[in-house]
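Shared chain: chain A. Partners: chain B in the first complex, chain C in the second.
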Partner chain A sequence: MVTVALPETIETAFDVQGLNIFYGAKQAINDIDLSIKKHEITALIGPSGCGKSTFLRSINRMNDDVPGFRAEGLIQYDDINLLTDNIDTVALRKEIGMVFQNPNPFPKSIAKNITQPLKEHGIRSKRKLTEQVETNLRRVGLWDEVRDRLDTSAYSLSGGQQQRLCIARALCIHPEVLLLDEPASALDPIATAKIEDLLLHLKDHYTIILVTHNLQQAARVADSTAFFYQGEVVEHTDTEQFFSNPKEKRSEDYISGRFG
Partner chain B sequence: METNLRASERLVRKSRKLSLKNPERNGKIVVYTAAFLTVVATLAVTVFLAQRGLQSFYMSDINPLEFFTSTNWNPSGDNPTYGALIFIFGSLAVTLASAVIVAPLGIGAAIFMTEIAPSWGKKVLQPVIEILVGIPSVIYGYIGLTVLVPFIREQVGGSGYSLMAGIVVVSVMILPTVTTLSADALNRLPNGLRSSSYALGATRWQTIRRVLLPAAIPGLLTAVILGMARAIGEALAIQMVIGNTELLPGSLLDPTATMTTIITLNMGHTTFGSAENNVLWTLGLILLAISYLLVMAVRFLGARRKI
Partner chain C sequence: MNRKLTDKLATLIFTLFAAVIVLVLAALLSYVLYLGIQQVSWDFLTSKSSNFRAGGGIQDQLFNSFYILLWTMIFTIPLGLAGGIYMAEYAEDNKLTAIIRVCIETLASLPSIVLGMFGLLVFVNTFDIGYSVLSGALTLTIFNMPIMIRTCENAIRSVSPQQKEAGLALGYTHWRTITTVLLPSAFPSILTGIILSCGLVFGEAAALLYSAGMTTPNLDFGNWNPFAETSPLNIMRPAETLSVHVWKVNSEGIIPDIRDVADGGAAVLVTANLIFNISARLLGSWIHRKLTSK
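Up next is the complex of A and B:
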């Protein structure tokens, strides 16, 4: 792969080079290179255990606390390698938000799910908090569905609504990047369509990395698609090209379901 | 995030201020202090008790073999003897017998609460049993003294003050503890376990016996052991009904004494540092050792829970 690691290339959000990740003696990511563009949706696909989630969780350093975890190489973000020891992970995760597979709202009211992180980050004004609840719920298309019951428990929402609330919660602290780990795999097709629609709207303002098992989903929303297999990136290219005319035999086998 | 700072300026850890206003630091101080005090208190009690308790052997020249095997207890006589076997036996007998009685009752009640009548069990039975856990032991003792002792005297025989009365009172006392903890253990089981068993066409009883109970065994044993820990440490209620004689009981109807009752009965009239006082500390040390063993058993079972 070509290695242009110049921080001046504004289009690149993450430039990954020679990344190796280990859990104890087991190697989960094997010397991958990957360039992720700003304000695009990059889909990471591949069979379970191929390392895509591991890679995703290394970007915001969520793997740091996993016993035996070790990462080597480069995840260049702006002018810094995110794998360096002196990264302030608290500041990093404010800037690189994450949404998980299962909706995980806090056991609080719908409104408090938005206001709590804002309060923790220093916003005190009541008016501003109320305003932010509306702004962020509107962003994910949830406002009209919940405006008259903002004080009820977030658990009273449906799965799809909960997941959109979680996205709103991730957005409210103004991240630059959104990492999504199979955000729609626990949702029905209608809720999934809403999430996908939302992602397409969000990519104007955010860099989005989406791990998914749903190939159609990758084809529908992603600008580029990276196929992970056994800890390696087999192919990373424009989504349309990837699904219509993959270069690698293994990619072709995977997308046509002829694997293993 | 509208900012002109480069990532290296935004994301590199700044040295944390050592100011008292730093909440990270304050939180750390609070939890570290709490942890430190807990450990120190436990260690201090253990060390003090060990030091006092072992004094009977190296300062008061009591033969450990005699202490653990002899039934002659006469610390205040002209020719004092210090055989504590009766009390060690009394404590163990009360604890083990009550555990044997309570384990099936408590676990059975817990199964009723969680599996047979879950809604009624949760709404009525569980709160009632939790209230029973909180009843002070002196009340159990007083009821035992007023109701149980005369009943045994008239219906079964003997003076009524007996090992049996002690066992019954302690059983009634620890039954709610064992029941609630067992119910918690059963409630903690993942619901998929029940569903998957029923989906295989198992009856309710088959599900309980073959799937739920085996899965909950570590939690249920923990419940029984914590009940035993409460039983071995109980002094007041037992003291009121067991008779407190320094005799090895020949039958369930004979009065006897336990380590705890001997400590509470004698601590008032012995002088600190005397041999008579030291042996009481030794009994305390034995109680502590037993409860350490019980807690270790709980930890061991807890670790086994991960299959």
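Up next is the complex of A and C:
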């Protein structure tokens, strides 16, 4: 009897099966299957309205309050279907952090942007809070830029710095997964490069799902790329292969700029 | 050429309208202040009004105005905040909400004399509170509540939805998102709204005629026991406010210096309102600056 030792495959973080998403009568996601690996960067690309953001926001249930929103199927995460009605969204969102298109730091000091979520999740010790501010700002490469002005408003930072602060804020509560919804689309090329660099560093510790309009960005940072089109996943494969040798005609048309 | 002409014409017409508004306001203000300022003196502000003789002041009325304003705000702010939070964050988009909205709007547009009558029937008579600071404050609460609810609702709604998302995505509950993210961001607009409505409440007369009453007991400003009959702090005593006083002196006063007292009172009222409005603006922009820049 041969027992097959599990090969060193990378574990799956999310297993999506038969996912359908509706806004009222309109179907935004049409029966997709998708497997997302742990500690990899998965890029979701596709033209506007293709459903990639809808999918992303369904993972941490940010669409729950949208009128008419309805999701069917499975988004399996650690043996839990995230679409179950009785899921604790507070615990879920602590586990699965999110960063948005436009930097949205709280209108408070730089330090408070980190300490407030920590306090919210029960950390009271002054020493620990101060320590966490430094740790998390270092993690996003912001510490040296702001160490002398931690008490100034987060709005005094540049757009790129604000976005890195938002990433630090998302990381400070120790999520396993980071969802990023076009995090660099409002930033200039230098700030974008910094964010991309940061993501490459972070993927050792986090599972990252990145929605982007920028194909070069997907090619630069993502391990695998999923191409969404009209609510379906046309192709999901290794990034290099996707851009050099796509299997599907529609993928090829999209990356060569023939539509979208 | 034609389009350019139309454009110029439109600019001219709107500038004219603006000028008319400013002129009317400036004329009114300067008239009231010009006539009034001559009557206003420290003595006028700090002496009691007189029923028969000339030379009475407005001390008690001025105090009453502020005191009723204080109690009105103590009642209105929590109610307005609660209503605003409900309308902005909890009310679903359905028939019930639509009905509530119509109610609030109707309440906001009720003539204040009608509210005064309501106060007379309900607070003064039915609850048997009598003409008092409390009846007046409760009546003004109804007068002011719809405005406060709308102010708070708009302030909360005008916070960028991205701020709310930031809170929710960090695992804050809806309630904690409201208290730690939405309310602090909405605070400057709420505060400005509160101060502006202070001006409205301070100047209100009709709603108070038959609720706070048109008399004031002989107040003893040395007695701060809130249960004493002549204590300024007593909320169960009648309290004629400044605007009611101006109206009363004008319509049924028998003092020889009716015109002087009315002019002086009007000037003080207008000045107080100006202070409320200007400070609302200054405070609002100061907080905004503090929150958004270095």
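Here is the rule we use: the second predicted complex is superposed on the first by the 249 of 260 C-alpha atoms of A that agree within 3 Å, B and C clash if a C-alpha of one lies under 4 Å from a C-alpha of the other, contacts with A are read in each partner's own complex, and residues count from 1 in each chain.
One rule holds for everything that comes next: a contact is a pair of C-beta atoms (placed from the backbone, for glycine too) under 8 Å apart; a residue touches a chain by one contact, two chains touch by 3 or more.
None of these values were measured; they are calculated from a predicted model.
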item	value
Partners on chain A (chain B, chain C) - clash or fit	clash
Contacts of A:A170 with chain B and chain C, given as first, second, both or neither	second
Which superposed partner A:Y155 touches (first chain B, second chain C, both, neither)	second
First (chain B), second (chain C), both or neither touched by A:T237	neither
Which superposed partner A:A91 touches (first chain B, second chain C, both, neither)	both
Superposed model, chain A: greater residue contact from chain B or chain C	C
Chain B versus chain C as contact partner of A:N30, first or second or both or neither	neither
First (chain B), second (chain C), both or neither touched by A:H121	second
Chain B versus chain C as contact partner of A:F100, first or second or both or neither	second
First, second, both or neither for A:T135, with chain B first and chain C second	neither
Segment of chain C intruding into chain B (one of 38-46, 56-64, 110-118 or 164-172)	110-118
On chain A, positions contacted by chain B and by chain C	91-92
Chain C residues touching chain A - in the complex, by the definition given at the top	93, 160, 162-163, 165-166, 168-173, 176, 180-181, 184-185, 291-294
Residues of chain A defined as touching chain B within the complex	77-80, 82, 84, 86-88, 91-92, 95, 174-176
List of chain B residues in touch with chain A within their complex	1, 6-8, 10-14
Residues on chain A engaged by chain C in the complex (per definition of touch)	60, 62, 67, 89-94, 97-98, 100, 102, 104-108, 116-117, 120-121, 152-153, 155-156, 166, 169-170, 173
